[in-house]
Amino acid sequence: MEDITIEYLEEPSLKNPIFIEGLPGVGNVGKLAAEHLLGELKAKKFAEIYSKHFPPQVVVDDGGIIRLVGNQLHYVKRKGDRSDIVILVGDFQGLTPEGQYELSDFIMNTILDMKVKRVYTLGGYGVGRMIATPRVIGAATDKSLVKDMKKLGVVFPKGEPGAGIVGASGLLLGLGKIHGLECICLMGETSGYFVDPKSAQSVLEVLQKALGVELDFGSLEERAKHIDQIASSLKDVEEEAERKEDLGYFG
Amino acid sequence: MEDITIEYLEEPSLKNPIFIEGLPGVGNVGKLAAEHLLGELKAKKFAEIYSKHFPPQVVVDDGGIIRLVGNQLHYVKRKGDRSDIVILVGDFQGLTPEGQYELSDFIMNTILDMKVKRVYTLGGYGVGRMIATPRVIGAATDKSLVKDMKKLGVVFPKGEPGAGIVGASGLLLGLGKIHGLECICLMGETSGYFVDPKSAQSVLEVLQKALGVELDFGSLEERAKHIDQIASSLKDVEEEAERKEDLGYFG
Amino acid sequence: MEDITIEYLEEPSLKNPIFIEGLPGVGNVGKLAAEHLLGELKAKKFAEIYSKHFPPQVVVDDGGIIRLVGNQLHYVKRKGDRSDIVILVGDFQGLTPEGQYELSDFIMNTILDMKVKRVYTLGGYGVGRMIATPRVIGAATDKSLVKDMKKLGVVFPKGEPGAGIVGASGLLLGLGKIHGLECICLMGETSGYFVDPKSAQSVLEVLQKALGVELDFGSLEERAKHIDQIASSLKDVEEEAERKEDLGYFG
Amino acid sequence: MEDITIEYLEEPSLKNPIFIEGLPGVGNVGKLAAEHLLGELKAKKFAEIYSKHFPPQVVVDDGGIIRLVGNQLHYVKRKGDRSDIVILVGDFQGLTPEGQYELSDFIMNTILDMKVKRVYTLGGYGVGRMIATPRVIGAATDKSLVKDMKKLGVVFPKGEPGAGIVGASGLLLGLGKIHGLECICLMGETSGYFVDPKSAQSVLEVLQKALGVELDFGSLEERAKHIDQIASSLKDVEEEAERKEDLGYFG
């Protein structure tokens, strides 16, 4: 068995494609953003990636039908001379550091074959507290990209992210830089405690300007409201517990 | 040393074989069921599988004789045009995710060589509470199999198993689907706290209809009674402890 | 870099050699026994085994000189038609299950090249309590060996060791059985809390009869006395603490 | 993807080079010392080492520009017949034991190609308490090196370091010895609680004599003062807490 296998459903011929990665991670921001983009742009799946670096697991849908876990590549064709788009989503990132490197290297080679020149990786930036208006923190492979992103509202605060960028969103930038690609990581601020559709929306608001597309955020806003309700009822429970403790009750 | 080696004691010529997997897992349901089936159908061992993905360990029998841990393949020949049966049991599943993938891929290639077309994987579905009458939860590679299994009493509750199916019982389905096999996972509900012969019996009651065999459940029922006794005396001890705590004693 | 490398200081021509393994493990019984045997039989080191399956570490001697950790092979030549002896000792066992398999397989191939026909692996059997007179528990690859060992005082209690034999002492038996070697594991009972020279002596008392050698146990007895003193002073401290607790003092 | 790749920015022709390693470790002593040396000797980077044995991560600089984590080789040319110098620094050591072995073996082969004859590895020796005047503990591949180092003030206390030397600083010595190189490990005593510039300075004070260079320690002394302030305010907080506890207050 190969460590990583790719099965093409189709081998689309793409024009100057831009690559976008959104895999599970902090607050699932990248995954939410990329999946929302898939739906909005009516992207079409063209490849399945399986690997022993993913958990040994199948997922089961509501009808009882199974599917081996993996990552999936989708494409979006665009009119005129606008770049086509390739979007990577998936159930998991690689489980081990070695697995992460091998998967990102595999993806990198796949997109180099497709003549990708620009990469956006999407993720969350965990700040450990609830955020009303999440900023989008950026990192990139060169100064001109930083300048471009600042114009779109992305911030590059000194010393952030302090721990660097871990996982596929980081590695694809690092490997892309070695291969001479223009790579940008967009990280939405997020508490890190919940799945965070609001942070995903912040990231997509930058991305829609960068890609020149228009996205509807209705469904993400719905999900964000739902998460806010959960968060706020948890907070009530917690405050109640703290109040009791202060009065000398024992939880 | 190969990562996985198979030693054939015999290379049986089998007619349209059905493959059944029952390795250790939640409540040891799959293993109990498959081992009971071995005995009832007087299956014959024909291959030993060793691997560095298993623990580095030998087991010792009551006479002091050792045996390297592994998985074993057995076969059952059946009369007329009824499919023969191949059953996989063993001491362990692979220890690591990569090991799980490599072992399941190895098994898959082995059964593809034998022209297996249908696969049943057996397991437990942990529900975290004692279950009087365990249901059998199913998952399969296509809709017609789901329909067939429903007729045999298997249930496919929406959203279950929520976490997917992890390990050999899942991977063999996932890999089987890619290779175009008909694959079904039968999971007996189980507390997950004990080895669960009752759950194994539920699984086998479905399987005997699917295979067209008749099984005697006497020995499984005996073991189930024994486990029930242990569970109920543990419960007594626990309740006693709780009572004392309520009265202000310290355990 | 090879996963495992062996450096021969000498390639001795050995007559019908018996192989003895004594690596670190429970109570360090196997290691203590094998190292005592080395000294008593004036064995000569002839090979160093290095591997990335060992910790990435050097040891430093009292003069400040380092040595990469590894395993070492020694030999003992014996007069007349008595079998020569090969003894394996070392700083560590393999760190991972895969490493254990690869190292044991490497050792097995090395001793098969030397025409070894009989293997003794030495270890401790942890019983979780102090043992005044440790028994030697056995396990072997066939019934006649069990019979022979019983004559030398080795016991084979039904159901022990319940968890099988883990690590090099087990694997070398399991792999040896597949290759048709006569293999015996001798496990001295030990608390598992301390390095246990007394248990090592019990193992060696069996082995000296099996090998037809005479060993002096003076130094092991010295070390055992020293350990007994430590154990008994720890016990005093503990009893004192318990007494205080009973009187209502807090730790 | 290769497990380890090296990218040469330049392939300097070096005269009888001495190799110095200073990677992250206890108190970051080795890394601090090697990086200070880089600056003082105006060393020039000539190679980047990337590996899947490092964390899957990029670091981000203050301008928002990323860089894949790795190790870096630098060189210093010296006049006349004085040996040139090669210095290894980096973001991380290998994450796993196997990774450590593979990386150290790779480095060893790289420096053997450069005809390196002498190796200094730099590190910290954790003693678990604050140290006013850190000694430099040594270990080496032969007795004459021990003698030479004693003359420079290095100490070789019997039984220290008791646990041997773990990681790159140890492995490069162990592998170097096998290849016949003269290797010395210099370990500055350090609490192990803080990054320790004072300990790094102690190590460099030995090294400047060994290399025949003169180093300015101003910046290290500044950093040491800063760390001392942090350590001493932490101590105040702790003592305050202890005092309160003694008076019956709770934390």
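General observations
As written, the chain order gives the labels A, B, C and D, with residue 1 at the start of each chain.
We take it that a contact is a pair of C-beta atoms (placed from the backbone, for glycine too) under 8 Å apart; a residue touches a chain by one contact, two chains touch by 3 or more.
These numbers come from a predicted model, not from an experiment.
Shared contact partners of chain B and chain C are absent. By the residue-number overlap criterion, the interface of chain C with chain D counts as different, with under half of its numbers used by both chains.
With centres computed as the average of Cα coordinates, no chain lies farther from chain A than C.
Each chain gets a centre from the mean of its Cα atoms; for chain B and chain D, those two points are 52 Å apart. Centroids of chain A and chain D (each the mean of its C-alpha atoms) stand 37 Å apart.
Arrangement of the chains shown, judged by which pairs touch: one closed cycle in which each chain has exactly two touching partners.
On the side of chain A, the complex with chain D involves touching residues 94, 97-98, 100-102, 104-106, 138-143, 146, 156, 158-161, 164-168, 170-171, 173-175, 177-178, 183, 185. Within the complex formed with chain C, the chain B residues making contact are 1, 7, 50, 52-60, 62-69, 95.
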